[in-house]
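Scrolling down, you'll hit the structures one after another.
Below, subunit A partners subunit B and then partners subunit C, in two separate complexes.
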Partner chain A sequence: MHMTMKTQKKLSYALLVLPALVVYLAVVAFPTIFSVILSLTNYNGGLIFGNPDIEVVGFTSYRWMFTEPTRSFYTSLRNNLLIVGVSVFGQIPLGFILAYILNQKLIKRGRGFFQSMIFLPYVISPIIIGVLFNAMIINPRSLYWEVARFFNPDIQFTLHSNPMLPVLFVILWMFTGFYMIIFLAHMQRIDPAILEAARIDGANEPRVLRHIVLPAMTSEIVTCAILAISGSLKTFDLIYAMTNGGPAGQTRVLSLFMYLSAFSGAPNYPLANAISTVMVIISIILIVVVRWAAKLFDRHGGYGK
Partner chain B sequence: MKNVIKYGSTIIMYLIMVLFTVMTIYPIVWLFIQSFKTNQDYMTGSKLSLPTNWFTLNYDIVWNNLNFNTFFYNSVYYSIITVIVVVILANMAGYAFAKIDFPITKVLFGLFIVGILLTIQSILIPLFVMIFSAGLFNTRLGILIPYIALGLPMAIYLCTDFIRNGVPDELIEAARIDGAGYIKTFVSIVFPMCIPVSVTIAIISFIGTWNEFILMNILTAGDRFKSIPAAVGRFSGSLGSDYGRLFTSLSISIIPILLFYIIFRKQITKGVAAGAVKG
Partner chain C sequence: MKKLLSVLLAAVMVATLLAGCDSDSNGGTSGGTTGGSTGGSDDPVAITEVVELRVLNYYDMSAAGALEEQSVIWEAFEAANPNIKIIREDEFEESFHDSVNAYAAAGALPDVMYAWPSGRSTTLHSQGLLKDLTPLINRDGLASKYIALATDPSQQIAGYQGIIPQGVTATNMFIANLEVLNAVGLTPATTYSEMVAQVPVLRDAGYDTVIMPNMASWVMQSCLYSLIVGRFMGDGWHERVLNGETNFTDPAFIASLAFVQQMYEDGVIPASSLAIDYGEGPGLFATNTGAYYIDGDWRVGAFLTDSTTGEALISPDRQDNFVIGVFPEIDLPGVAIPGRTNSAVLGTGWGINANLADGSPELEAAWTLVKWLVGLEVQTFRLRTGGISTPSIVGIDYGALPLEPLQVSLAGLGAKYDVATVVVDGAFASTVYEPLNEQLQALGLGITTPEAVAEIIQAAFEAWQATQ
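What follows is the complex of A and B.
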């Protein structure tokens, strides 16, 4: 029997899509929903189906998360926002400046070298970076403490008054090059003839920057801000290795708070699932914002895609 | 006067670039220097000084006795298999999404896109429970399946985008008129044309897999199946008791990705920029 065209088309489509779809549904989509459901129960490990002790407890875990006395949720959320802040006010402007210097050929030699070196931390495992900077600036036997003691011999091994500061510094160190690369890739798409014409008309560097480069880069700056938020939510390895959320949970972020609730000490799966559900909700809001921003810039004929 | 300003500003530009480069590179250089110290040397000496004598035995100990040869092998194993499978599956799905017209594509494609922004934490507990009950805890397969799944969203996005805009419909139509089925068209025309985007996907998913930590930490026990980041993760919180060995393990962990970066830095920067902005 001959296959009709339509059946052949359907079969081929299924054959091409199904392998990816099955793996993705099983590992990502289904567990995401599953985790939301579990957050409404008291499931805390062991058998899931046919376990008589599992009850639906509604929003109990959420209420606990928002009201418990250590206020870990708010500390973690605040730290996530601090990371967004260091990206938006640190990495993005610095990355932009570095990209601008490289792209406008304000220096003649070694551009490839500088670019490669500043981007380098991005490819190194955050776990390795975390352990390295723990040894460099956190640990009592660190380089930082040796230098600090040189200037002030009486300095105590007390935990810093601002424990997020070293973490934010390392995040700045890791990702400035990343934003530089993104900006650079898009600046290279600006027609050099336009820049040339502006210079011939006597526009100086600040004017070129303000009237040509910045307007052309608006949509990239928005993209980078969104990347900063999603990157902040994904931050885990670095802090896990560098401070493990300490001292006293002061450097936790939501992902670490969730992990520690589930996999360290006495497990509290309902709380962990509640935290991860909140993270999913933030991600979904982010997706909506991304789509809205994309539409906005498409309509205004934003530069690049 | 104008020349002086120009000259001065060029010097400032160089100073900025040199400053950032030194700040970026110094911690890594510092690490390599410390890796040649004995524990005694590090503890008693200045952290700014060079080793009193360059001690290389730690490299031998870390590589052979602390199982870093196994971790290295495992890292290579997971990364290569994940990259190959992700590239193939993403090309297949990307072709179907971009060129075979079905209404359901919109839904399925959207489903994958959502995965780009989701955080791994939101699947951790169910995935752990599932892998455990499937008997895949502490097996290579139990690591590879999640790795492949997590690589897919970005890969499928890039691939679909590339095929939609980069592979002309006429080419596919011509092959179809010649009697080639969808699958044959894919193998003989689409897949070869997708090599540029496949390289980008391979690089992004290689770096992601090579550096992955949290799943590895949760889904394996003991040293046998662990990768480099999971091994290094054990030093977190409280440092290992031997600083010399700690720094040597970190150096050994960085060297492979450093070599990879030196060889492919052009493709890596291009791929990362493409992946990040499109995502």
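What follows is the complex of A and C.
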């Protein structure tokens, strides 16, 4: 049988795409859809298929999640949004500025060293960082508090006033290097002749940044924002190791709330599945908002390429 | 040719992927549970071939006998039972509970596991994941070898014998450090008011009043609040709640919560205790950073001499300076029983996976191991190394044990209280006590009120009742 070139091309594309598609369907799409289904049932462990005791109970778990007396969902959501805020409005601008400083060679010596130091936290396991910062900042007998007490013996431990602050600081410190590397790689691709021409025409550094560098980086900024948002909603390991969501659940995030609902004390799988479904929905909404904002900005003559 | 190659390459990739997916299809573990099936047959089954047992062990590496446990318990058992091979997983604290819950969810629980009679092991009992050991106990005539509570199924959360406990646990152990107190000219407080009066004196000298590792939310509830609520609401309070005679919005319950808040406000328990990990408490106390230490009686083992290293957090020559008792009298209005009470519960122990078939060599091997783990030799070892304070087995020769001063002090703990009230996590479902654990921390943070906490717990209790 003879295949036309077009058919051969289509077939080979299809076969090349198929493995990725199968993997995607198996490990992303199917669990997501199945999780939504389980969130509407009373399934609470044991056999899933062929268990006559599983019943569809509608939105019971969702109602409980939104109305339960300790308001864990809202605390977790607030913390996730704080992390999104620190990621989008902290890590990305800071990463951009650091990349710009390094790219423009504003630091004359030790550029490679600074680049490595800023990126280093990203390659360390979040579990190690969590344990490290627990010992360094959170623990009342930590180095930080011992030094603070040395200078001011009356200083009181203040974790209880805002438990999320140390977590947000660590998140800012840990991931800024990642965005810096992305921005730096793309900044290095901007034609130096264009920058030089602008400077010859009398543009100062802020004008070069505003009118040349930023417009050239729009798509990278949007990509980083999407990565930051999705990463923020998935935050788990660092907080698990650093505070385990405590004290009093004040540093809990949605993924940890989901985990604790599923695996702590009496398991509540329907609730855990309901939380994960809401996480997916929030994630999709935030990413759509970011893309919409980027398009809107583009349309108004913003940083579009 | 290139196109043909690319088609073939893609085909090979797909085939490899599908083969990879298929290769594991027969490797899964049966997830079915038989739900608290009764264990045993009329006669013991001979173990003629080597049986492998998966064992989940709760292993506190900070305990004095931690290293010795390997030889005294595990290697000794395998030497005496060459047909039983143990594949053991050691876990501690939250990682232990995480493992149990993950295994339970996956239907892959180990054959033999360490467990509580209620509390964090409620799921194992209430979902029938543990074998009912009563038939095996009866078959081997073991009941007479244990104190009555240990073989009374009604003492365990689901009303059947899911585990054999290795002791009875007093969940409040209050240690006074005379080295610190003497250094600032104080004596151990006998009332709460005396403790409050000591706070500024100790603070000025750079000491905390109480060391309590409160980062894990269960610690306050188990090691102190259960005692407090028992004193405010009186003996048998949990039964009155369960049968509707009173509820969690009762003024006495609110007063017990207000007392927790007051302890933080008075500086008796520092807010910084909420950032101290459970494993750190003994080290902080042994290095004289505080005047008093609050934990459960099981924790005394952390201070004793490790026989393998000869070192101790509190060396025997210092141990006379540490006095073990119960939390001082609460001399406040509205307290039903001011002092001489403690919260107590059956201790931890060992259970068997309900999936092990009756009459099988696997069940016989698991039962042999459980009998060893709660037997005379092992309980004597646990007693000697401070792992337990009140053994469940009878017949231990105390006179022959080289006990350290702290252990002798612990042995006198029972004489320091007349009433033992329930531990909250042993009396109520996790959907009730878990919000309570968290809210007790919230009181410490000053972000809630006792009345609000009472409302939350009552709502959680009513939600639990609705599911029953």
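To be clear about the criterion, the second predicted complex is superposed on the first by the 246 of 305 C-alpha atoms of A that agree within 3 Å, B and C clash if a C-alpha of one lies under 4 Å from a C-alpha of the other, contacts with A are read in each partner's own complex, and residues count from 1 in each chain.
Heads up, the rule we're going with is that a contact is a pair of C-beta atoms (placed from the backbone, for glycine too) under 8 Å apart; a residue touches a chain by one contact, two chains touch by 3 or more.
Note that the coordinates shown come from a computational prediction; the quantities given were computed from them, not determined experimentally.
> Mind working out whether A:125 is in touch with subunit B, subunit C, both or neither, as first, second, both or neither?
first
> Tell me which partner A:56 touches in the superposition: subunit B (first), subunit C (second), both or neither.
A:56 contacts neither subunit B nor subunit C.
> Under the stated touch criterion, which partner chain does A:214 make contact with: subunit B (first), subunit C (second), both, or neither?
neither
> Considering only touches as defined above, state whether A:285 meets subunit B (first), subunit C (second), both or neither.
After superposition on chain A, A:285 lies in contact with neither partner.
> Return first, second, both or neither, reflecting whether A:155 touches subunit B, subunit C, both chains, or no partner chain.
neither
> On the A-aligned overlay, A:23 touches which partner chain: subunit B = first, subunit C = second, or both, or neither?
Touch status of A:23: both partners.
> Who touches more of subunit A, subunit B or subunit C?
After superposition, B is the partner touching more of subunit A.
> Would you sort A:81 into first (subunit B), second (subunit C), both or neither based on which partner it touches?
neither
> Is A:296 contacted by the first partner subunit B, the second partner subunit C, both or neither?
neither
> Pick one for A:194: touches subunit B only (first), subunit C only (second), both, or neither.
neither
> Once the complexes are superposed, what residues of subunit A are shared between the subunit B interface and the subunit C interface?
8-9, 12, 15-16, 19, 23, 26, 134, 139, 141, 244, 246, 262-263, 269
> Which residues of subunit B touch subunit A in the complex?
By the definition above, subunit B touches subunit A via 9-10, 13-14, 16-18, 20-21, 23-25, 27-28, 30-31, 34, 42-43, 46-48, 89-90, 92-93, 95-97, 100, 102, 108, 111-115, 117-127, 129-130, 145-146, 148-150, 152-153, 156, 181-183, 186, 207, 210-211, 213-214, 218, 228-229, 232-233, 235-237, 239, 243, 246-247, 250, 253-254, 257-258, 260-261, 265, 268-270, 272-274, 276-279.
> For subunit A, which residues are in contact with subunit B within the complex?
By the definition above, subunit A touches subunit B via 8-10, 12-13, 15-17, 19-21, 23-24, 26-32, 34-35, 38, 48, 94, 97-98, 101-102, 106-107, 110, 113-128, 130-136, 139, 141-143, 146-147, 173, 176-178, 181-182, 184-186, 220, 223, 227, 230, 233-234, 236-237, 240-242, 244, 246, 254-255, 258-259, 262-263, 269, 272-273, 275-277, 279-280, 283-284, 286-287, 290, 304-305.
> Looking at the complex, which residues from subunit A come into contact with subunit C?
5, 8-9, 11-12, 15-16, 18-19, 22-23, 26, 45-47, 64, 68-70, 134, 138-141, 153, 157, 159-160, 163, 244, 246-250, 262-267, 269
> Report the residues of subunit C in contact with subunit A in the complex, numbered from low to high.
Touch residues, subunit C against subunit A: 3-4, 6-7, 10-11, 13-14, 17-18, 21, 31-33, 94, 97-98, 101-102, 104-105, 107, 120, 122-123, 126-127, 206, 214-217, 270-277, 280, 284, 289, 429-431, 434-435, 438-439, 441-442, 444-447, 455-456, 459-460, 463.
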